[in-house]
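Structures for review follow.
Look for chain A in each of the two complexes below; its partner is chain B in the first and chain C in the second.
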Partner chain A sequence: MTSKEPQTVDLKTVEPQQLMGLRDQLEGEMQNLSASATALQSAAGQFGSSGRAIERLAHQESGQPMLMPLTSSLYVPATLDSASNVLIDIGASYYVERSPADGTDYCKRKVNMLKDQLDQIGQVMREKQRIMQQVTAVLQQKLAAQQRAQQS
Partner chain B sequence: MSSNEGEDEERTHTTLPRADFIEDVESYIAGSTVEEAIQKLRQHHELYSTAQQRLATQRARFMQKGPEIKATLSAVQLLTRQREKQETATFDFELTEEVFAKARVKPVDAVNLWLGANVMLEYTLEDATHLLESNLSVCLENLKSTESSLDLIKDFLTTTEVNIARLYNFEVLQRKQKKDVS
Partner chain C sequence: MADTKLKALEQSLQAEAEGLKALERDGQKAQQAQQQFIQQQNENQMVLKELEGLQEDSAVYKLIGPVLIKQDLVEARSNVKKRLELISGELSRIDSQLKNVAKEGQRKQQQGMKMQQELQKLQQANRS
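Moving on to the complex of A and B:
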């Protein structure tokens, strides 16, 4: 009944009720997609700043004095132990020890992967937007026709 | 900060009108109409709802801060123990959310606490422990008082809703009686 490919079904043959249902469904999907897009974008931003942070770390020397965070509000004077290893959270509570170069590379790859997914979502969203415009146009035509029929 | 929160709670009790169950509807309305009485109760209900939302946000804030303060406190206690043993330990610290790096911490006498609003102060381990312990107890106290205020407001809300229903039924009965008489 609610066809996902209106190109294969003539929209004009679909009832206004079903058109409204289809439009609501499309709106819901659009909202989900845009929420996903926002999440992907913020994740990409994070990996971007992680990559930059690792790069800056690589320029530091071992033994450099620094303020180390123990919690979000507690800092302790400490010395940098080694600028040759970083620990990366790769998800599912797994951490991997890598050199800064590998670390920045990992972050760059993550950012690119997220950007690709963002592009894909963008494409799907544009397609759905187009379909929704078609549906809305046909719906308005039908409702106008219905009103004219009722008035006469 | 704690005295403000205490006053806040008292204000909740004194500036908000008490909601008492209306035993006798007729004497409650005496001197005005049922509509006016219902209107007044509806206004009270709105006051209670806004207060409830405000308290709910407060409570969420305290629920979040409590564990943070506890974590900071136990970190300071760890450093205190480390100082007693005069050990130098290696830590993995959070460089960013996904990346950790290693640093070595010698036994220290002082730590830096981030107090918010771009203010960071250095405290001795003892002072830091005292400050964090008192912050934690204030936070827990505030949480308790907020929760008891929330309970009270919930009672007010329910009582007011019941009162509105009773007044409404009384009005319906009144109208029916008038109709029967005429």
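Moving on to the complex of A and C:
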């Protein structure tokens, strides 16, 4: 079993093979965490840009001519009907009609929540990095000692 | 005589090992389902929090296929609550399933080890 070694284990007493396993495990965990961090970052970016879009929309008056994107490269002329309400996707395929102010507030709350989670992940990642450095250092010492023992 | 016994033991050991593998697969499947339900639980909890914070006259829509269908707010809240109950029911079911798999796996492992020891004893006896 390669379950987490308790914190009290002295790394110097662990076999090199196990250390390697531990290092690989930590590496995997770090990769997962950094993938999550990237996903959270991009979600935060999307909420941020949605919030800004609502803010800009709220300043427009109804009847304002505009070009609606049908695809990323095809636009058709349109007029703005009303900017007094926006529809927010709150998840699980539920949508809610809110005022633009509520909409930006929602986006800001989401961004803050994601930032908090990113901070937490960052902390865990720093901690894992620290442990990994220790493990790698001890592993290198052990391997060097082994080599010396073999040569003599 | 000893040979047939040896063969039988080898066969049952193999069967045991296969059973253990199947059990591990079940465990992995259950774990995946658990992850999925936890994700859904999180999402629905967030939705419920948003719905509870709304004023009674707010318009709520549900996306069904490609269309948005207007929903009664009270109904939407109770639907999400029901979903959450369903999800936590599933989660506790999976939890007990995982516990069972772990217990069964331990038992199988011990039995497999016992069989292996027996097998080794028999093999040694045959040789001498």
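Rule of thumb we're sticking to: the second predicted complex is superposed on the first by the 141 of 152 C-alpha atoms of A that agree within 3 Å, B and C clash if a C-alpha of one lies under 4 Å from a C-alpha of the other, contacts with A are read in each partner's own complex, and residues count from 1 in each chain.
Basically, a contact is a pair of C-beta atoms (placed from the backbone, for glycine too) under 8 Å apart; a residue touches a chain by one contact, two chains touch by 3 or more.
Since the structure is predicted, the reported quantities are computational estimates derived from the model, not experimental observations.
A.B. asks: Would chain B and chain C fit next to each other on chain A once aligned, or clash?
C.D. replies: fit
A.B. asks: Is A:Thr71 touching anything from chain B or chain C once the two structures are fitted on A? First, second, both or neither.
C.D. replies: first
A.B. asks: Now for A:Leu87: first (chain B), second (chain C), both, or neither, which partner does it touch?
C.D. replies: both
A.B. asks: Thinking of the overlay built on chain A, is A:Val96 touched by chain B (first), by chain C (second), by both, or by neither?
C.D. replies: In the superposed model, A:Val96 contacts chain C only, not chain B.
A.B. asks: Which partner, once the models are overlaid, touches more of chain A's residues, chain C or chain B?
C.D. replies: The partner with more contacted residues on chain A is B.
A.B. asks: Could you work out the angle between chain B and chain C as seen from chain A, using CA centres and rounding to the nearest 10 degrees?
C.D. replies: 80
A.B. asks: Once superposed, minimum distance in angstrom between C-alpha atoms of chain B and those of chain C?
C.D. replies: Least C-alpha distance: 10 Å.
A.B. asks: Once the two structures are superposed, pull the chain A residues common to the chain B and chain C interfaces.
C.D. replies: Shared contact residues on chain A (touching chain B in one complex, chain C in the other): 87, 95.
A.B. asks: Give every residue of chain C touching chain A within the complex, in rising order.
C.D. replies: 40, 43-44, 46-47, 50-51, 54, 58-64, 68, 71, 76, 80, 83
A.B. asks: Touching residues of chain A toward chain B in the complex: what are they?
C.D. replies: Per the touch definition, chain A meets chain B at residues 46-47, 49-50, 53-54, 57, 66-83, 85-89, 95, 103, 107.
A.B. asks: In the complex, go through chain A and note every residue touching chain C.
C.D. replies: Touching chain C: residues 87, 90-98, 106 of chain A.
A.B. asks: Can you list the chain B residues touching chain A in their complex?
C.D. replies: Against chain A, the touching part of chain B is residues 68, 71-72, 75-76, 79, 90-106, 108, 110-116, 120, 128.
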